[in-house]
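Common to both upcoming complexes is chain A, partnered first by chain B, then by chain C.
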Partner chain A sequence: MPLVKTPKASFAQKLKRFFFVDLIKGMGLTLKYNLGAIIDKDAVAGKGIYTEQYPKVRPDVAPRFHGAPRLNMDPETHDTLCIACNLCAIACPEDCIDVIAMDVEIVVAGKPRRKKVLDEFIFDTSRCMFCALCQEACPTSCLELTQDFELATYSRAGFVWNREMLEQGRETVKYTS
Partner chain B sequence: MHQVEIATTQETLLDSPEMVLNMGPQHPSTHGVLRVVLRLDGETVIDLDCDIGYLHRGMEKIAENRMYTMIAPYWDRLDYIAAVSNGLVWVETVEQMMGLDVPPRAHYLRTILTELNRIASHLLWLATHALDIGAITVLLWALREREEILKIFERQFGARLTCHAWRVGGMPNDAYDDFHKDVKQFVNNFPKRIDEYETVLSENRIWLSRTVGIGVIAAEDAIAIGLSGPALRGSGVAWDVRKSRPYAAYADMDFDIPLGENGDTYDRYLVRLEEMRQSRRIVDQALENLPDGPVNAKLPKIVKPPVGDYYHSIEGPKGEIGCYIVSDGTAQPWRVRVRPPSFVNLQALRQMCIGHLVADVVAIIGTLDIVLGEIDR
Partner chain C sequence: MLLLAPVDVLNDLLLRFFSDETVKYFIWPLIQIGLVVTLVALWVAYATYLERKISAFIQARLGPMRVGPWGLLQPIADGLKLLTKEDFIPEKADRWIFFFAPYIAVASAFIVFSVIPFGPDWAVIADVNIGLLLVLAVSSVGVLALILAGWSSNSKYALLGGLRSSAQMVSYEVAMGLSLIGALMFARTLSLSGIVGAQGSDSIWYILYQPAGFLMFLISGIAENNRAPFDLPEAESELVAGFHTEYSGMRWSLFFMAEYAAMVVVTAVATTVYLGGWYFPFVYRLEESGYHNLYVLVSVLVFLVKASIILYIYFWLRWTLPRFRYDQLMDIGWKWLIPSALINIVLSAFAVFVLQALNGWRGIQTIEGLDRGMNLTATGKGIMIAFGLAGLFITGVLLARINWRSRDFNLKTQRRNIRLVNVPKGKPARA
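This part shows the complex of A and B:
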């Protein structure tokens, strides 16, 4: 197990300190960085620069990112994929999902049946932790947390998303340049 | 022990009584909402008291009303700088209660990602500690490296800070496609970066005069208070949960525990820098030997651990994070208690500060590496 050693001030070290070697070494390194930012071609091309010019340049958000919720629809029929099973609401630790279902009469093979369909879906993003447990609980890949991260609104009521907002997405101004 | 003679009753022409100074709760150097009440003689600290609880959210009580699988995202919010480690202690405790066999690939991925989290936490500590003392350059450099780790976290877990990284029985997803490449790139670049921090700080005369001999705590005192993590190892006590009670895949890893000699702020700085190098070594080894296979154990539909009480602890970046769960056989825990490293480490503040100057209090709070989310819970 290595011991960390506090530097003992030997004669050579005292001499170094007298000639400001420690400061010159540190300043040299920072100067190298400063010159690098000016001269380095990589830096000019954006490789050496770590600052993202948001909102002019939009960040590259990872595919797995847990952002704004969305209710997915069948791409062909545009019907909701939600089967109103309520599993997401049960899985949510913060209890911020309300699934409101209604019974409809349908006819299956000539016999009348009752079927539970989705009526309204309330998602309170102000209490959401974006833990993605609801997304994992969903059996039909309907509820999904998307890459959209701009969730600020002007009122508390704006944080409560209804079915229409969850399906169509919320209109936000995207400042580009 | 480093002790400074304090003249409390000085006979001067002008009467200079002791002064009580409030530091915080809104103070940039207390790293959160910590209030420190200082009793000063001139600029020397005679006594101090900490006032905590401003960030109390009742985590342990919340946990009593949630299912076992739901609590992990709350645990991220204890020590939000090291959310991955905090999530791991909850998940591993529940797994041990259930007697689950987690696949080796999950263990190795947990090792890699918690060690990356340790580096990220130490980098943020270095950034803020150096900023408190007056070195701004290191802040920018350390946050640059932390950003690379957070990008790996975002791609792997879907979040940067409070990741909700683990599930009971394994992981939510397998490693993403470029995981190996990204981590390897970080591992290869990182040693050069630590050398840069050392060039700027380790021999810098200002850094030395601000840290050497400041906030000394002897090994016996450190053990008596119950310090853990780098704060304990800075005093020369070889105690690391990764070695003494190996969890995840640490039993297969080859790494050293850095130890300090004097137990001062400078030694704790060196210990943390060396720990980052060792963490990098662990990540490198685990990445080379990463086994194939599933990442999830078979889990019953509802997690219901058997009746009993369990304690499990892991080595977080700040020290030993422990989790004590009492189960009554239902799907919700009956009682949960966290052993937070920052809370215990903060208790050493008074002993470390007495006799030093007010400016050193800032350095000592920085060296203890506290996170108030964990202290107040």
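This part shows the complex of A and C:
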């Protein structure tokens, strides 16, 4: 005489159990997913396939995402916009920016003057935390954190970006298939 | 005829160098064995590919896509990778047994293919008249490999996996053998070609006569291959990888191959016994119009398609159902499958008896002939199919009556119920 009452199955439940209704339901669900995935030929995320085909299809990053740094140039003259004011280096909480400038003698209105010109720009991405305070500090909107996210390299030295890399961007393999 | 003319040309060529007997009993079997081993190895490799693809589709992913178009070269890349990996043997392992266990697994899976009829005429290596018995006997040697691997690894996970696999396979072996007997009553032979021939000459598939038998065979076959939902011997979440935890490289891949080859064996046997093997309606017309080799080839194709459908059911079940608990596994084996197999035998025997009794009674004709299996007339077939369908329900109801106590597999409730019997009145019950 069991004192623990187990709920007694109704006739409908018994019939369900007898004909494996729940099993068939589950099998139907997986079959539906399977057929959906086969029909979804172009494999665009959302229809039958829910995964992003990453190297083939670039993922959409968030609009406020901060990625690889870049030094912008004047689109017409291709001179750097950087005035070597060192504000970004001062703003950087991680101290990962080094601005190296040199004095150049120029002639303004017939008088010799000296001007500070950017020589080298060192950006250590291994220490950078992508807070974009340098981008905020930049008066000429020269330094910018782009949406590029492929920063991995084979060595520690590769994480230190020089002026050329910052201006041209780093070469990454682009997969098409 | 043009399609496969080289077969006859090759035969003539061989006859020039060797005697008639050598060619017939030695060289052609060697060619057949080579072909079958190559094809089965390829099939096994691509079964892994299909497994990955289908699992990916069921989980709304794409699966392997990088190696070749649609990742079609993935199995080859995997094989190359495994070949070049280190063959590691643990220090405390039993070296020789550890060494040989994978070979036993693969051999026992591949030997079975020697009797499986992939098609008529030259598409079967050996038409042994105890074919089905050989299949059951040899494929059960595979358990030995798993136990040896588990034992010799000298690791607790491997040992547990080996023990589990031995218990599981021993319990499901019985149900597997018993579930086939119903179909054998109609085929009246153990030769696999004979079973196909019986279904062909009766122009019916035995799944219609024996739906319960087919289901039981499939379930016990899945359990026999250690496949999910019965994959307790290699349960990833409990035992790391079960009996092949300590294996790496090519030896591990041999186990993998053995598992998939054993799956292909079970699908092939299920196809042969229940789905008519290579027999398909109207294909024999090719033979009648003289295209013998084309007929054999189409038959082989039919066989492969049927087996692939059952293989798909394997994958489908694996990626749908969660793993059984160990007591549930044993319950299904001993309390459900074996009684149902016995009930199925009794019912089939009764059905055959009824058919024979009805034959000739008030002008009813049920049996046409008994020389190539049991050939029934249309009335006989109708009666048998009715018996088969009724058998499903009768088996179900009887099993539900037998197992009314363990129906919900709730061990805890059962123990409570047993302990709470005869509680003195007036006192609060304590479990």
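Rule of thumb we're sticking to: the second predicted complex is superposed on the first by the 125 of 177 C-alpha atoms of A that agree within 3 Å, B and C clash if a C-alpha of one lies under 4 Å from a C-alpha of the other, contacts with A are read in each partner's own complex, and residues count from 1 in each chain.
Here, contacts are C-beta pairs under 8 Å (C-beta built on N, C-alpha and C of every residue); 3 or more make two chains touch, one makes a residue touch a chain.
Quick caveat: nothing in here was measured; it's all calculated off a predicted structure.
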{"item": "Touching partner for A:26 - first (chain B), second (chain C), both, neither", "value": "both"}
{"item": "First (chain B), second (chain C), both or neither touched by A:64", "value": "first"}
{"item": "Touching partner for A:152 - first (chain B), second (chain C), both, neither", "value": "neither"}
{"item": "Touched partner set for A:109, first chain B, second chain C, both or neither", "value": "neither"}
{"item": "Which of chain B and chain C A:173 touches, first, second, both or neither", "value": "neither"}
{"item": "Which superposed partner A:39 touches (first chain B, second chain C, both, neither)", "value": "neither"}
{"item": "Which superposed partner A:53 touches (first chain B, second chain C, both, neither)", "value": "second"}
{"item": "Partner chain(s) touched by A:12 [first = chain B, second = chain C, both, neither]", "value": "neither"}
{"item": "Where chain A meets both chain C and chain B, residue numbers", "value": "1-4, 6, 23, 26, 29-30, 50"}
{"item": "Footprint of chain C on chain A - complex, ascending", "value": "1-4, 6, 18, 23, 26-27, 29-31, 33-34, 36-38, 43, 48-51, 53"}
{"item": "Touching residues on chain B, where the partner in the complex is chain A", "value": "66-67, 69-74, 137, 144, 147, 151, 154-159, 162, 164, 172-173, 176, 196, 199-200, 202-205, 208, 212, 236, 238, 256-262, 264, 266-267, 270-271, 274"}
{"item": "Contact footprint of chain B on chain A as seen in their complex", "value": "1-7, 16-17, 22-23, 25-26, 29-30, 50, 61-66, 91, 93, 129-133, 136, 145"}
{"item": "Of chain C, residues touching chain A in the complex", "value": "54, 56-62, 65, 316-317, 319-321, 396, 400, 408, 410, 413, 416-417, 420-423, 429, 431"}
